[in-house]
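Some notes on the structure that comes next.
Should a chain be cited, it is by its letter among A, B and C, assigned in written order, with residues numbered from 1 in that chain.
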Amino acid sequence: MAAVPQKTIHKYLRHNKKFPHVWCPGCSNGIVLGTIIRAIDDLKLERDDIAMVSGIGCSSRMPVYVDFNTLHTLHGRAIPFATGIKMFKPHMKVIVITGDGDATAIGGNHFIHAARRNIDLTVILINNNIYGMTGGQYSPTTPHDDVATTMPYGNIDNPFNICDLAIGAGATFVSRTTAYHAIEAQNMIKKAIAHEGFSLVEVISACPVIYGKLNKKGNAPKMMNQMKDNSIPLAAVNKLPKEKVEGKIIRGILKEVDRPEYTKAYQDLVDKLNNK
Amino acid sequence: MAINKNTSKYCETRLSGSGGQGLILGGIILARGAIKDGLKVSQSQSYGPESRGGSSRADVIINDDMIYYPEATHFDILLALNQESCDKYIYDLKPEGVLIVDTTFVKNVSVMDSKVYEVPFTKLATEKIGSVVTTNILALSFLVKITKVITEKSLEEAIKESVKPAFYEMNMKAMKLGFELADNYK
Amino acid sequence: MAQKETKMVSKKNNKPKKNIVLMQGNEAIARGALAAGVNFFGGYPITPSTEVAEIMSEELPKRGGKFMQMEDEIASIAVIIGASLAGAKAMTATSGPGFSLMQEGIGFAKITETPCVVVNVMRGGPSTGLPTKPSQADLMQTRWGTHGDGPAIVLYPSSVKESYELAIRAVNLAEKYRTCVVLLSDEVLGHMREAVEIPDIKESQIINRIKPTVPPEWYAHYEQNQKYLSPVASFGEGYRFHVTGLAHDKFGFPTNKSSEVQIMMDRLKKKITHNIRDLVQIESFMMDDAKIAIFAAGITAQAAKKAVVDARAEGIKVGLLRPLTIWPFPDSAVEKMLKRVDTVIVPELNQGQLIHEIERLAKDKKDSKIIRIQRFDGELISPDDVFKAIKEAN
């Protein structure tokens, strides 16, 4: 990694197009964008072969900034749009950028079914525990008792564990990290893209301007530090006493298995019917 | 024959009974046969979830000219395989139309001037062919021989195309029995 | 199903007409779409459209095309738009409840100008309604169903043969005009069978997307020109463009600038309104000396046609005007008709939809008499119903 990280990122941005971006100061989305670009650069992928697809939300604004085949779709529907691209052009690397609300509330059905099919999509789910773009309504990952503009008295809902959901649905690569752990995220994303099958990278992120403010989490640096302090690597889980693990964000590759990939299985069917 | 008055070949047939009696397949076979005779044809049916029970019907309209409307409204031929459909549709049978009923299930026929043929199709299919599923072919073959709505040769070819090879022989037997039964009426 | 027909065709050597098969309406739609080059189908089972998906699932893998049964209709419209952006000729088929679920996606295809075909085999509604019965109650939904402005292209055949032909046309128009084209059918038309002579489709009858010839750095996904039709690249071919459901500039990048939004909205409208002649198809049946006209579409037009023939036999001067293109509405043909006839009869399987368009065009013609025949109980309007109305009007 001799390249200056910023230079690498600039190589892939659509500079003269739609900047400045829409993200608030202190938002983790920019960090995640950097890790994705560096992962792609490391993998030496052809940018013509990359499609980046998103739904609706803060993180879903990402594709417009990068010089790939980019598609900004409907709320919750990024995965089926991406499925269409992957099915018709299986050689393409299709990356889905989504958030906690986009992927697990309105798009929850598509999320589990893509995992079940094991279609080769790389889903990078930036989880900031809130609907940021619309001003702070609670999402399926807002912690119990936290405040949101539509839970002013504290959240009575229970949050999803998104990685557990993906594992239960049959995803073949499931991992979690945080925006603080940028290098770890970059390596995870590399592995996820290289993985043949449905892969999920959940990136816990900070939304200091909306979620942080509503829940008195402090400023952006403070929230970054919380991600560091409140998370432990998967490898450490068994070594630590139970009380030190409880309530912590577990980082690491939680599942990585081989199972026939959907577009390959379809091609096998086509070949069989044509006696190849 | 009853149907071909004038030069027009126009003929509306309704096959009716209950779900599972093979009426829609019967309609498809009749329609395929008509195509083989070089005629124009339109086939429609009541559409529902019943593959067993409930009421079912298939309409076949055959003409040597344009067919405008796909549903039979004034029948030249009515096949009724159960009492309910016989009671329900008999009023739309043309006065000179042909009525064919399965006396296994149809016990009362209140007819006007129609030509009526009463045959225990289901009973015969079970006893003579050894399978109740051939009732539709038996009745259809009888209908074809009586009304000459399509040729016997086209019917035979259409059956061959429309039934699974494993059931072909059995259905041929049913067809021949249908023809024989019709001969008895001549 | 396919093999049976092939057999049938080969056996017809002794007959003068060739390639005549007994075909169901839904099958004709599937086979027409395949003939037009559809190579991607995503769908969700729903009565009475399911045969389209079943045939596609059998045929597409044999031809190297792609079939996917999705988790719902929302995913179905999304997956075909995604495939289309990657270069596929893509289609889905559904009925009322599924068509309602697809509305947001249809709007996305319209604003992003992504070719795709949605087949709606109409059944009785609202809601679950009458799944196994015919209806024509979605005509206005096809025009106004998705939120926001922008015109629609909607075709409606009235026979099995025409289902085949209009399926080809729907795919062609979607590719040419870069939009979502809706192909309507209804439960009776979808399930009825007719003897159909399958036409030989020549290469020249199939429209494919025009590919850009400019280098990627010059490419604008929504290039302006006088015909409002511009070349279009696909993902994965070196053009690396952006597509968004937000209002966008000619490169596809989001914009809030009123001047750029105006250009986009004009383009969406004018690509239809500037090409009305290419888009509108209408059948005029015995209209030359007609004093009474029937205006009917789809399955209802079949009943109307029979009534016209029967009434003509009694010497009544009646004709039928039948739109094959429902939207854009055939305004000029209807205006011409209104000038010539005294009475217009509008039979339709709904509580009044096409009639609004006729009344809109007849508003200055105070002497025109407009008669409605409306049925919405799951049964067809019969030739006798129309015949009676003709007799009364005469």
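In this section, a residue touches a chain if its C-beta (ideal position, glycine included) is under 8 Å from a C-beta of that chain, and two chains touch if they have at least 3 such contacts.
Bear in mind the structure is a predicted one, so any value in this text is a computation, not a measurement.
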Which of line, ring, star, complete or other matches the graph of chains that touch?
-> line
Pair sharing more residue contacts (C-beta pairs) when A-C is set against B-C = A-C
Taking each chain's centre as the mean position of its Cα atoms, how many Å separate subunit A from subunit B?
-> 62
Cα-centroid distance, subunit A relative to subunit C, in whole angstrom = 39
Starting from the mean Cα coordinates of subunit B and subunit C, work out the distance between those two points in Å.
-> 35
Would you please write down the residue numbers of subunit A that are in contact with two or more other chains?
-> none
Subunit A contacts subunit C in the complex at 14, 17-18, 47-49, 51, 53, 63-64, 67-74, 77, 80-85, 87-89, 91-92, 109-110, 113, 266, 269-270, 273-274
Contacting residues of subunit B [partner subunit C, same complex] = 28, 31-32, 34-36, 38-45, 47-49, 67-71, 73, 157, 161-162
Name, in rising order, each residue of subunit C that touches subunit B in their complex.
-> 4, 7-8, 11, 15-17, 20-22, 48, 132-133, 187-188, 191-195, 299, 302-303, 305-306, 309, 380, 382-384
Enumerate the contact residues on subunit C facing subunit A in the complex.
-> 39-40, 42, 61-62, 64, 66, 68, 70-72, 74-76, 78-88, 90, 104-105, 108, 235-246, 251, 253-254
